[in-house]
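Can you keep this structure in mind? I'll have questions shortly.
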Amino acid sequence: MLAFIKRHEGLWLFTRSPFVMLAAIVAVAIILGAVFAPWIALVNPYDLASFSLMDGLLPPVWEEFGNEKFLLGTDDQGRDMISSILYGARLSLIIGISAMTIATFLGVGLGLVAGYFGGRFDAVIMRIADIQLALPAILTALLIDGIARGILPPDMQQNLRVTVLIVAIALSLWVNFARTARASTFVQMNKEYVQAAVMQGQHPLRVMFVHILPNILGPLLVIMTVDLASAILLEATLSFLGIGLPADSPSLGTLIRIGMQFLLSGEWWILWIPTLFLVALVVSINVLGDFLRDVFNPRLR
Amino acid sequence: EAFKWASTTDPQTMDPHAVNSAPVLSFLNNIYEGLVRRGRDMSIEPSLATSWEPLGGENGWRFNLRQGVTFQDGSAFTAEDVMFSYERASNEAADVRSWFAPVTQVRVVDEFTIDFVTSAPNPLFPSSIANFMILDKDWATSNDAALPARDAENFATLNVNGTGPFTVATRDPGVKTVLAPHAGWWDEAAHNVTEATFTPIGNAATGLAALLSGEIDFIQPIPLQDVAQVESRDGFKVLEGEETRVIMFGFGHEHDKLLYSSDVTDVNPFTDPRVRLAAAHAIDMASIDRVLFRGKIEAASQLVPAGISGYSEANSDRPEFDPAKAKALLAEAGYPDGFSFGLKCTNDRYINDEALCRAAASMFAAVGLKAELSTGPVRDYWPQLREDDFDMYLLGWSPGTFDMEHPIRFLMHSQDDERKLGSWNFGNYSNARVDELLPMIQQEIDPEARQALVDEVVSITQDEVAYIPLYTQPLIWAAKDNIDLTQRADNFFMLRWVTVN
Amino acid sequence: MAYFIAKRLVQSVFVMLAVAFLAFSLFRFVGDPITQMTGVETSVADQERLREELGLNDSFALQFARFTGDMLKGDFGFSYRTRQPVAEMIATRIPATLELGVVALLISLFVGIPAGVYTALRPRGFATQAILMATLVGVSIPTFVIGIMLIFFFGVQLGWLPTFGRGGTVKLGGWETSFLTVDGWRALILPAFTLGVYQLTLTMRLVRAEMMEVMRSDYIRFATARGVPMRRLYFRHALANTMVPVITIIGLQFGGVIAFSIVTESVFQWPGMGLLFLESIRFVDIPVMGVYLVVIAFFFVVVNLIVDLLYVAIDPRLRIRDVS
Amino acid sequence: MLRVEHLTVKFPSRFGDVTAVEDMSLSIAPGEIHGLVGESGAGKSTVGAAIIGLLQQPGYIANGDLMLGDTDLRALDRFEAHALRGKRISMIFQDPQTSLNPLMKIEDQLVETILAHEDIPSNDAKKRAIDLLEEMGIEDAASRMQAYPHQFSGGMRQRVVIALALCTNPELIIADEPTTALDVAVQSQVLDLIRRLADIRKVGFILITHDIGVIAQIADTVTVMRYGKLIESGATAQVLGHPKHAYTKQLMDAVPPLDRKITRFRVPEEDDGLAASGPGKGDAAEAWLLEGVRQQAVGLSLQNITVEFPGTRTSIWHKPKPFVALDDISFDVQPGSVMGIVGESGSGKSTLAKTLTGLITPSSGGMTLGGSPLPGGKTRSRHHPSRQLIQMVFQDPFSSLNSRHRIGTILAEPLWLYGLVNDSDERRDLCIDMLSLVGMDPDAIDKYPHQFSGGQRQRIAVARALLARPTILICDEPTSALDVSIQAQLLNLLKDLQAAFGLTVLFISHNLSVVRQMADDIVVLRNGRIQEKGASEQVFETPEADYTKKLLSLTPVMPHDWSL
């Protein structure tokens, strides 16, 4: 075991950094909680019959009037905070991961093509990236939301909110991937193994995806983690600006937005517990991202 | 004394006839005046008209105008200005023209007398034009503002010249507006404000912080849940009152089937009054009051709150919270397991509107009425309601005339586009007797007879559960302790009643 | 070099046009302006007439042509909501946003760069770990939460700083600045810090990474080997060489700072473009939204041109090559 | 002057401390040039870094004494050590391209260094800098000093680097591979300069290099290192001319001589676990390669090939002048022969190779392969038979194998790509056998490239090329990244394979000695033009072109009588 760990530098470093391990544990715990939310959670915030307004505004169990049924208290709807957070984290992660995945595919695909073929392909793709950059993330999201609102019938809007958010966030993230993939591809293009493959007459797609892609995964993986974190935050921000998710299908961001109303009212748990969760999740992901960066760029150690 | 206050939205224009919205009318009431105005208790009192009486021989009213009134630029106020303002406000470019729908003719009798002729007897006319503000003819015409601006701004969008107690010193739209007292105001000033600064603050938490840090003296409104916080601090007070706005659920009465149901798709159960009554019995107003509104609301039994003229004392009971009865009623109507339907709500229009709907949906669910809740900003909401895109919806209604006739006209009479009746009766609740009673109420001069007619309408609509009235929306303002002000039920904030101690 | 700049200019024009097109075509789908412009009781016929008057029934191409043409003439149309000229509305808001953005940027640079240098030079120090941790938490808390927390702490609890608005401003020509009053500066601190936090951590981490990379380069090793004083080594040699990538990223991010000021402005009721934009979204005020987008893109393009010029200033290799 | 005794340097790692240098001793007198040779990883640079106190983190000196004159270098604190650097010990790095701060003028860099150690007016410092640059042979130094590093050529830059190292009159300069990145012509200038400085200024030099020729040419004394340990030390002529230690002998054997062609290098069999291809191993692969008519040797000829690259655009109006990388190149390669291509860096050697393999499109001219025309660049389809017939071995063993693929995957690629073997088990067997043929263990098949040394990887690269069953093999500097001993093994392998399979080989190198060992014919390139072509021995013995003569004379050689 120890020998195995020693042989893999990443693993070795991992076992040597308690902080990174803690982050990994937190991230994994939250992710597991989110995945298994339907089985763990006391109430289902989507199921209106499963909670009651009469349980509203109960504080966490250690406070006066706390109720041991609701360990972290309830919100103004009578929903158990733990359940809301688990479901909220679930939605946040779904949005974050989907957006990041779409952005990865889009960005890496375009970046590879731009880097591999260069010339006109490169010019066109990079101009598109420029335009995207000129519209910062938050604007892109507001825009996409606006279009969706404009062209979809209202009832579909409700059902497609999550999709719209995912698309909006993905669109604002892909440039990062494209630029990195392109730059790394340029570097790889000068490597002799790529020239060997091209010279042998291998198909460009094979060269791009079988040969180049695995070699540029390192930096991409780092961006993936960082962007996952920012996607989750962006979703929260959009919720704050009122174009996120509706309150009956809450993400962590929506929970915080709702909680903001209780900033001063004494029901601190409605705001701070989801905020704490969000921060813990995002910090963990960022710590893991930093760690990956270190592993992939030993020069920075 | 300098006075600073904040509210959530900036009046989008200074033109009193361009936009018919509460923030604009409320703000401009400090600058412009109408022929009549409302007192602290909402009663109608003389303003630019000293008195008025019904016209003899024809339908309509004669207004005797106040003499010696000057506009803020010093020019004198005469009947010509009223005539001009009428023409301007009833022009098709004006957003407020509906106020003058009953008016057929306006005549200047002499310099200080003017007649408004209406198509039918209209006892409520004087009180319906309390927000009809008068501007100076010469000022408007010489500044190319003879008509309200529609697509481009004009002089009156940013500048004012009213007869009211305050005038605009500087205006930075969306940022800051500074008002100064009008030295030549005809009435005696009950305020001691020398400069009033208005700032719109959209974010509730920021607004509250601004008050608590002492940067503003008064804010309107504050969120319900922060009342305790403000009250607990030294030097601040909360003003609580009831707005005249009643919040209610409406039904798609005329739909033959549900639009958003996953189980009942061939009929519309809400056409059955028993189902509507079941829904009413499912609502636990006490919990809503306690948790969502912290005990600050009054349950409503009809579409106007008590105290509004025409309020039906005889029908002041609302269906009590009784889930068992609700279930029984549903079973009786043929839905022992309930059914699912779509519930539409706003999320930025009424206090806690979204939370209310979620709570209601949860309560409905408890008796088997599975609401598919969809909430959205108000900008998308009205079009959806107009297109009949709902099974059940949330609506708040404030009687513009402070009389029961108003909701009957807009919400209970069957839709009649030509006569502009029932125009907000989205579900098209229709009862022949109610339709018959409305003109009678409108023309009945004798209060008691009129009340009997109104009682009948209320009783019919309660029996048929045309709407589920929920509660009267609370009004919550907060101010520093040293500020005296008057909270009027229409949520209008009048600077002329402010004193800074 | 002239060619380099010329090429960038052409690209910029292209980007601007594309954004204008996007702004225009996308916002055409956002809600119906007519329902917003008219009151609840306007008849359908009236609405239809207004639609015709505003040219909303014309073909898409025609409307876009009119839009760009007008824009080139400096005519940005009228707000649907306030009926003021959009150009004027935005112009009066630009100083607020720009000053906020610039101060945020300066904070991020003046704190971020030294912090980045420090943490790069002492990678194992306790202070470094603490700074890294703090910045990590800094980027992980949503901006709006930070803003509100600052307001309540410094504004309400301590009462040191204003909670909203710009405080006192002075008009300099057409530019309303808060740089010239104490009040203005006090009002700037919290929002600028809120907006700058994210940027600050980015700058710091970037400087740190670049600095660590540069510190290993041959010329730094060579400079160390010949005993160039440490201070000079760090700041003259190493830091200067980290600036090229740092400037690029900061340039790219500045557009983001301006855009993210939407959040900060809404929290602090800062009377800038972002607040206007949010209001416009609420009221479907299409002309304002469209112009805002174009203005943001314009900032982006200008900042990037400046960045390109800075490169040339910093890096002699980009100046005209005189081959020896 | 400098005394190093029992120096041990360790690098902590996750496998425990790695001893990079162990019990190393050496001493240098003023004016002495002390050569430090040994293969890559021997610890040469680490010794230099330990002396100047710039060991890479987390390395540390575990033991030993370092005395510079009377100063105990190990006793100094951080600040004293830094003050001493430049003042008394300086260092020169390998790559002049990266040793200078690109953002500062030469003048500033010189002046700041002088001022860092001496309290003199900056005008004096500037004057001194000018003098120094002129001493280094830079004309018009006063105005050239205003330039930035990128405005200097490589050789001039290395002079500036040396000037920088010298400007504070240090006693000792550690030169870590100062000429490795330079052309022979520039290299000889720099070496002359170093010799001169040692003689005139009495500066002591530690000259770290892997090039025995360089040491032979200028070092007074030499130390041979291996695995961090001192192998042999003494006067250059003595150590290199009459090596006592077996390793030194091996090293000397592996150095290709410039003045004659030897048939094979003498390489000990068991060296580095790289079993040379013995009898019985790789038979199947050999048979497979020899099978079929395809193995007819095929010639190659180029007619008037010109390659142009678009120049960098600097003006809005003028089209940039294209850069001509190859200018009107014509030559024939006889079937089954080895064609050597030599030329300094940038002469177009790699461009030529890439043109032949279709990676670059020539702007004019034609090529034929075995008599039939060979389309160039983009016009050559992916399925053109030449894709298989022409294979290439690249220069850099670290980048020519995809580090994310297993060796088996890399080797099998040509087999299925060209449809040579369709069964995957068969492919695997063949790959294993081919590995044996190039002298590798069969279990290499499931490993990743990073698990092999440079020499082993180059063997894998050769195996990959052979598995396409090529008739033409292009080797672009296949050994320039390798140590001499490993180079010798690889060259032996290539010679054997060429002889066995009758391959036509294009052998590219900047190293004349290596080319002489390999080539039958030779082409000398310079700035994209052919300077000379002809039979190899003839060119080496009686060069005609001035350029060839110059190259031959400048290449450092060992005195004739040293080579065993």
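Per-chain numbering from 1; labels A, B, C and D assigned in written order.
We take it that contacts are C-beta pairs under 8 Å (C-beta built on N, C-alpha and C of every residue); 3 or more make two chains touch, one makes a residue touch a chain.
Chain by chain, the UniProt names read as follows: A, C = Peptide/nickel transport system permease protein; D = Peptide/nickel transport system ATP-binding protein.
Since this is a predicted model, take the numbers as computed values, not measurements.
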Most remote chain, CA-based centroid, reference being chain D: B
Rounded Å distance between chain B and chain D, as computed from the means of their C-alpha atoms: 87
Intercentroid distance (Cα basis), chain B paired with chain A, Å: 44
Distance between the centres, which are taken as Cα means, of chain C and chain A, whole angstrom: 23
CA centroid of chain A to CA centroid of chain D, Å: 46
Residue numbers of chain A (touch at least two other chains): 149, 260, 263-264
Junction residues of chain C - those touching two or more other chains: 31, 148, 152, 266, 278
Sequence positions of chain D contacting 2 or more other chains: none
Graph class of chain-chain contacts, one of line, ring, star, complete, other: other
Chains that touch, pairwise: A-B, A-C, A-D, B-C, C-D
Chain C residues touching chain B - in the complex, by the definition given at the top: 31-32, 35-42, 46, 50, 53-54, 78, 80-85, 89, 92, 148, 151-152, 155-156, 159, 162-165, 266-269, 271, 275-276, 278-279, 282-284
Partner chain A, residues of chain B touching it in the complex: 204-205, 208, 223, 225-226, 228-229, 259-260, 284, 287-288, 290-292, 342, 347-348, 354-355, 358-359, 361-366, 370-371, 373-377, 380, 384, 389
For the chain A and chain C complex, residues of the former touching the latter: 127, 130-131, 133-139, 142-143, 146-147, 149-151, 229, 233, 236-237, 240-241, 243, 253, 256, 260, 263-264, 275, 278-279, 282-283, 286-287, 290, 299-301
Residues of chain C touching chain D in the complex: 1-3, 6, 217-230, 232, 236-237, 240-241, 314-317, 320-324
Touching residues (chain side chain A, partner chain D) in the complex: 6, 9, 12, 191-193, 195-203, 211, 214-215
